[in-house]
Amino acid sequence: MTVEIKKPFFVFNPKSYLYGEELVKLAKVADQMAAKYPECSVLVTVPFADIAPVKNETENIIVTAQHIDGIKPGRGIGHVLPESVYHAGARAVFLNHAERPMTVADLSKAMKRGKELGIKTIVCADSIDEARAVAIMGADAILCEPTELIGTGQTSDSSYIQQTNQAIKEIDENILVMQAAGISTPEDVYRTIELGADGTGCTSGITNADSPADMLIDMIDALMKAYTERGNQ
Amino acid sequence: MTVEIKKPFFVFNPKSYLYGEELVKLAKVADQMAAKYPECSVLVTVPFADIAPVKNETENIIVTAQHIDGIKPGRGIGHVLPESVYHAGARAVFLNHAERPMTVADLSKAMKRGKELGIKTIVCADSIDEARAVAIMGADAILCEPTELIGTGQTSDSSYIQQTNQAIKEIDENILVMQAAGISTPEDVYRTIELGADGTGCTSGITNADSPADMLIDMIDALMKAYTERGNQ
Amino acid sequence: MTVEIKKPFFVFNPKSYLYGEELVKLAKVADQMAAKYPECSVLVTVPFADIAPVKNETENIIVTAQHIDGIKPGRGIGHVLPESVYHAGARAVFLNHAERPMTVADLSKAMKRGKELGIKTIVCADSIDEARAVAIMGADAILCEPTELIGTGQTSDSSYIQQTNQAIKEIDENILVMQAAGISTPEDVYRTIELGADGTGCTSGITNADSPADMLIDMIDALMKAYTERGNQ
Amino acid sequence: MTVEIKKPFFVFNPKSYLYGEELVKLAKVADQMAAKYPECSVLVTVPFADIAPVKNETENIIVTAQHIDGIKPGRGIGHVLPESVYHAGARAVFLNHAERPMTVADLSKAMKRGKELGIKTIVCADSIDEARAVAIMGADAILCEPTELIGTGQTSDSSYIQQTNQAIKEIDENILVMQAAGISTPEDVYRTIELGADGTGCTSGITNADSPADMLIDMIDALMKAYTERGNQ
């Protein structure tokens, strides 16, 4: 069963900050928000070994893998078999993040495997050139994150957001554009969606908040508010 | 809770051939064999996303991860967080397999994280020089597999087994020596243990057998028979 | 001083088969052919340490590096500094070969450095998707080589050649298309150019020939013959 | 023709900061110092494409490659063929630097090729565990550089120097120990040799000095002074 990533969407991406019960607890908060706003998609990325436990405790979020390799069942120890993460419950995957860069050939193979199995691909690109390249390769969504801003708390400016939006939609208007550099407050979320992004997301802004659950809730509320106010375009 | 890998030990290593129900089914067969022979250890390697499901259905095997990265909770998307696989149930891990080679520095870091958490490290070495290097770095077990023999159905000869055994035990007699190149029949298992290996294992010899479950049973029976007959040394 | 790669072009790509005097000797043969046919370009790829010696002994060929990294002068030991290979005489470079795959980000950076310095980029792509991606990233030439055919002596069929030609020229008609899978005889060269490739090249078909020099001469003659006969389009 | 690295030794390691004429100029200064002190060895690391030009202009230094791959003549585009750098004049090589880490298997192969050709291997290790591992693999010299200190201008303390010295000499007393973390003044050189290192070296302390040539001269003078004063042990 394939899922669709809707507009707008929010990605709670705790990277390797969380695992086990603490991760399940926040995933359930995200799940309630996804139930509250069925017109948007809420994705939660989790470590590979947490996919099944998180899936078992949630209903509405899109459980998202942090990576897959473009392999088929067979040899390949230590690689991430797409069938295994799909079976455990993942329906989307991040690919080519600056912290886990992929070769052109490996990325192409992993994107093909995602399409075959019904795992949506959110492909990272850290320049406009790269965004155009992964768009033409058929990404379902593109995370436009200038490498130099990751983890700085500094967001992309409106010109960068508009340029990447345009570059990607020119190639295929169905590709979702995610802008997430430096998101650390609900206001950052609001502003990024207001500027035209289809989706956004956050890591340490949530995991390091006084109350991660409240921050997650406020950010998804801000996402919906901005999307509604900009007229759902 | 740390586990010990006992002498002798058998590793059912289905790599990326199996996942989901089919993997759980065979893991349960391995689990019965581990219950039958409490004096040996039976390890089953599984894809990351299958660790929790396999752990939930078994009691006696050592669920084994295919890789971990030497990271701590924090940033690092697409990497394998040791805490996550430990929490899901893994108590051993393969590192530095020829299909997933690691840099010296990354291997060293991953081995340290394994020790900290109680995840036993089975480190692969494809030459005697490499076996000595990973022995001195503190591996719990070393898989001595000349790269050129992987997947060929050709086993290591007795001279290679004796040389690697000696090279490793000279450095630390507590390190377990695993020999598994080309194991495809119970006779191969018998002969390898008879020649002095502490443990052995198999991939496609089991997954491609007419009855994988029967082959797995026969191999573990052969392991115990050889170990008993050689006088448990 | 930038050079242009002309249509048609031939790449003698001895990879790591040759170095030192033997390489200089064949590079001089290529140089004579480049002098004989000033309307085409002859490229010779050489190991990094052979760039200066080959450049010093030739005048007409385009000395070509096997790789560059997208770095600027500064830290970075063991990487290939573009300024260094340019200064030694390289004016073109292969990037992203299946034997030296690059991440999307690293490829993008290396291509930018090539443009800045006047080093023409010949970027490898082993599927049509990848060819389109590297075309949109701004490659000067694209080597379309289905990975599975490398080193097999089997050439790409006419349908593959036409499809990649079309996919690339649709994006930018100025990008040169190189087809070189399995070229081992002058007839292969003739046929590949006849089918519409802008350039072709050869490795072991030359280095393993009874007379590498004669084979090189015959292949470049065949290139020009085919190009002339197809009407220089 | 093999060369020996003598005790003490100094490595001028301009990484990718220098190339072309500027590099040749400083290499000639190093060459004069090597002539002045024939009882020590002076190594200069250079980009691959600068090996031949630097070798041609010098007589006394050991021209040193920044990396080699463990390959033999044959396929392998974009890799560094040991025969090519040897032929161009390199007689030593750095391996496994934190900026160019190698897998255990690749490092082992490259070290073997170095031995076969007469290229001395200076292998980097960023912890004592790693130093012991590369010692047992047969390094000619080991650069002990805690990764966290590279480029900080902070030198290793005497306890770290003594521990690594002891760990390495215990395994093989003929292996040369190089300590170079944070060397930025002649005083740092003096102190490091005084503490018992066999050799040391410098990058930006020289390239960023007001007069790189004078700094290089002063550092090599300091090396010899310390070595003489400690009684040549």
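Should a chain be cited, it is by its letter among A, B, C and D, assigned in written order, with residues numbered from 1 in that chain.
Keep in mind that, in the parts below, a contact is a pair of C-beta atoms (placed from the backbone, for glycine too) under 8 Å apart; a residue touches a chain by one contact, two chains touch by 3 or more.
Please read all numbers here as calculations on a predicted model, not as lab measurements.
The set of chains in contact with subunit A as well as subunit D comprises B, C. Most remote chain with respect to subunit D, judged by CA-atom centres, is A. Per-chain Cα centroids separate subunit A from subunit B by 35 Å. Per-chain CA centroids place subunit A at a distance of 38 Å from subunit C.
Computed centre separation for the pair subunit B/subunit C is 45 angstrom, with centres defined by C-alpha atoms.
Touching of two or more other chains is recorded for no residue of subunit A. Chains that are in contact with each other form these pairs: A-B, A-C, B-D, C-D. Interface residues of subunit D facing subunit B in the complex, by the touch rule stated above, are 96, 98, 101-108, 125-127, 129-130, 132-134, 136-138, 147, 171.
Listing the residues of subunit A that touch subunit B in their complex gives 13, 15-20, 45, 47-53, 65-67, 71, 73-81, 83-85, 87-88, 90, 94, 97, 99-100, 151, 203.
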